[in-house]
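Before anything else, here's the structure in question.
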């Protein structure tokens, strides 16, 4: 029983909790057991940086007590109350450390909760812990974490994507049914693609950023990570909505995303294939699964059209100017004065200037330093117009391309990532090759529109077993419901004759097995 | 390359003005009196326990985000309008980036190329009543930094071993007002400098957007000075004297910088573009940090905040809340109160314009209002080492005291005592007079007896009065007062004496 | 021609307050050079008349009423301080002016 309940979807867990078939404590225990079994040790996934056992159980007990007592309070429980969740360690939480995957915040505990965390606590979802990520969310492989790499549950010698590899791996490996991620250039969607899970980057402003440690303020969005489209939609509904603490938060009502995800009808839906996001640079297997997805959607009554987005050619360049520029500024606060690590220089006079320099030298990893220096360069006198200024203009062109594309199509489609999960270490020394992973996900961040990645089947890169491929849907800003509708439909079509992809992940070696093997 | 000759002796002010025309410029920072900070809901309060008026935003905590204080924006627009500026249809905040421990995010949220108000002017009134127009380049919103206290050494930054940081002030809303270069000031440059800062203080006080107390740093001035040769038309290199925080200091700093620049230039040197520090004790400036290439602030639009769009309707609504311009108001009040120029200037200098206006508005005569505020209230305040306004004297109290005098119930001397008793919490003037039995003796019985006694004891005086020397009555008033313990009404005594002697 | 020299990186590292060894400066210069070379063409991609987009969604006038709200206690404020004294954050000597 214990092993099986972790394999339920969040929606199923919620239903069983409501029906009194299981308790939240059972659910939380099952997930904690699973974490114990697969997350630690040499070959463990290392999806979690911190596990908050006591807090999760306390919340679960509270939910169970409310349900047991019945009455108005039980009636008022959020549908997901008691369903456990993992939180990317970039989102601040009272009572649990928040490291951002960095030495800089090694022992830091936030005195305040992120708005999304407040909402999760208010809805009584037990928080299992904080998940691993590339340091300050800078990376596409979760190899740039000060707390070790996270492994892909489909092949533990491969990357789980990044920066939210921890959230994606935890969900894929049944360590949590739901997780929160953040997506600045693809950090929810690309890990979703390579781990066979679902991840949404909401419309910019749909979910409050208050309490998400900022990388690039104009690109960052918090979003849901789950195994099914419906679960992602339900979590999105919970965390979305206006927040007066985030000036860029949209004042809109939150639509019924869950209902949209359950609408599996795509007849008449115009789906635009983005000419620029296929072909060169995409693995054959990825393109094959993409083609099959298009065929399935067409067969189900969708109208497939091709759209042209010529400015996408410059999207990656614009992104790699805007993101480091904003990041260089957002990360200036880490100086060893108010919080976080302080490192004193080994020799020479002890001045605050030199302490700041030594702190930032020791506290930040190489990729973070690279982006800070690049951003400092792009914003510095004499270069601003050519770099940051031009990149912001490219953003306008990309928005125009999307506007034109959405004249022809209701949603757009592309592979989420150009490749399946690559082996650990393969791109560590080649930043540029690493950056190319984000080529298909970045345009949505630049334009502020919603995007989702759903499993599109398995493919091999020719060097090992079959690995998940992700399909991305994009919709106009504030039309997040459309990506849930399209993704839910594709998910239903592809699992009509087979088990859903997430259920087909290989068995993982457990801690017990690891020990036995030693 | 010309030598900079930092040690050249300053010229006398007169000699400097003979050879050069000064060009001035001011950057005045006004601290707003909003309830909360510019970008966070923490209180904007002065002098509390360190690090108690802070939120995650004020400390620059990871994940914290700013939200603009609407009242601060309205204050900025109102100030812009009062300075006759154009209000930007759309403007944004920008990050000004530099590392300093009093700056929690290591950038200051400010406005860069899109200030909320620009291209205005302010007429300032000089001592002789002449009006000088100062052109305003821009007024923009920004946030204050935290407060550093240096430890060890002399308590100054140089030689300190360490510093302590209090972020209560971090994020307090500021408006920075920048003038265009002020030319044509000539020998009146120092006076114009003082008058300009004074005028800004008056404006922000009248708008009630700042406490406007320079000694508390509510209004801070950076003064830029450069010199232009008499026959030239190109501006010279300027120096920027930071934090000149009293009107007198502004006047002196400008005087000194004109003399210093002239000394360097006359000796064939050149001025270094740099920050100067004002030294109150010596009334001189000293060299600070030269402006260097390292000052690369890497400004970019603050992505966590959205643009501010000022609709004409909003601007017009705010315009209706503007007070009368201070200079116009002073002109109007001087005329309506009928004070002499000297009297009026004293009132302005004492900062009691508002109080006197209120007291007059409550029904006192301008003369009575001035007599009390500039006289006894100021004296008591001085004795108690507080501002006159801090005594909390109500207009109604002044009117009541004046009424008691007019009715002959008390005299001036007793009225002053009554005010003091009132401030000590003994009740209203009438209550005090009654409770303490201070009413002047006016029942004819007791007073007549006292007068008769005095007359009997001073026959020579009586003789003089009887002979028509009415001035001599004064010599009888003293003894009567003594007899009645000061509670006699001098006018009444006079009346009784004259009646008795049948003179008029 | 290289886009970013070692001296450039040294200057940028100073602006960014990150101490770097000679070796790090050299490595970083090489890496950044490749990256900048690949992104610099953005300036050729746009005309002068294209407006810049700094906010993905066009919100304006998002304000907060001037009312006291969420705050930290001094204890919370100082809870993560590397060094503190008398309720204030303590830092080593500040030598430069400003």
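Every chain is named by a letter (A, B and C) in the order it is written, and numbering of its residues begins at 1.
Criterion: contacts are C-beta pairs under 8 Å (C-beta built on N, C-alpha and C of every residue); 3 or more make two chains touch, one makes a residue touch a chain.
Worth saying up front: this structure is predicted, and the values here are computed from it rather than measured.
Chemist: Quick one: most central chain, C-alpha centroids?
Modeler: Answer by centroid distance: C.
Chemist: A-C versus B-C: which interface comes out with more C-beta contact pairs?
Modeler: Between the chain pairs A-C and B-C, A-C carries more contacts.
Chemist: Where the centres are mean C-alpha positions, what is the separation of subunit A from subunit B, in Å?
Modeler: Chain centres of subunit A and subunit B, defined by C-alpha means, are spaced 56 Å apart.
Chemist: For subunit A and subunit C, let me know how many angstrom lie between their CA-based centres, rounded off.
Modeler: Averaging C-alpha atoms per chain gives centres 24 Å apart.
Chemist: Measuring from the mean C-alpha position of subunit B to the mean C-alpha position of subunit C, what distance in angstrom results?
Modeler: Each chain reduced to its C-alpha mean, subunit B and subunit C end up 39 Å apart.
Chemist: Return the residues of subunit C touching two or more other chains; collapse runs of consecutive numbers into ranges.
Modeler: In subunit C, residues 15, 17, 54-55, 59, 62, 64, 70, 72, 77, 89, 91-96 touch at least two other chains, as defined above.
Chemist: What residues in subunit A touch two or more of the other chains?
Modeler: 108, 111-112, 218, 244-245, 247-248, 328, 332, 335, 337-339, 352-353, 356, 376, 380, in rising order.
Chemist: Hey, what residues on subunit B touch two or more of the other chains?
Modeler: Touching at least two other chains: 56, 59, 67-68, 99, 101, 106, 163, 165, 167, 296, 298, 303, 305-306.
Chemist: Show me the residue ranges of subunit C that touch subunit A in the complex, using the header's touch definition.
Modeler: 4, 8-9, 12-13, 15-20, 28, 31-32, 34-36, 38-43, 45-46, 50-57, 59, 62, 64, 70, 72, 76-77, 79-83, 89, 91-96
Chemist: Provide the residue numbers of subunit A that touch subunit C in the complex, in ascending order.
Modeler: Listed in rising order, the residues are 107-109, 111-112, 203-205, 218-219, 244-245, 247-248, 250, 311, 313-314, 316-318, 320-321, 328, 332, 335-342, 344-345, 349-358, 360-361, 364, 369-370, 372-374, 376-377, 380, 385-387, 389-397, 399, 431-432, 435, 445-449, 477.
Chemist: Over in the complex, which subunit B residues touch subunit A? Could you list them?
Modeler: By the definition above, subunit B touches subunit A via 56, 59-68, 95, 97, 99, 101, 104-107, 163, 165, 167, 296, 298-300, 303-306.
Chemist: How about subunit A: which of its residues touch subunit B in the complex?
Modeler: 91-92, 98, 100, 105, 108, 110-112, 114, 209-214, 216-218, 244-248, 325-326, 328-329, 332-335, 337-339, 352-353, 356, 376, 379-381, 384, 388
Chemist: Which residues of subunit C touch subunit B in their complex?
Modeler: Contacts found on subunit C: 14-15, 17, 54-55, 59-74, 77-78, 85-98.
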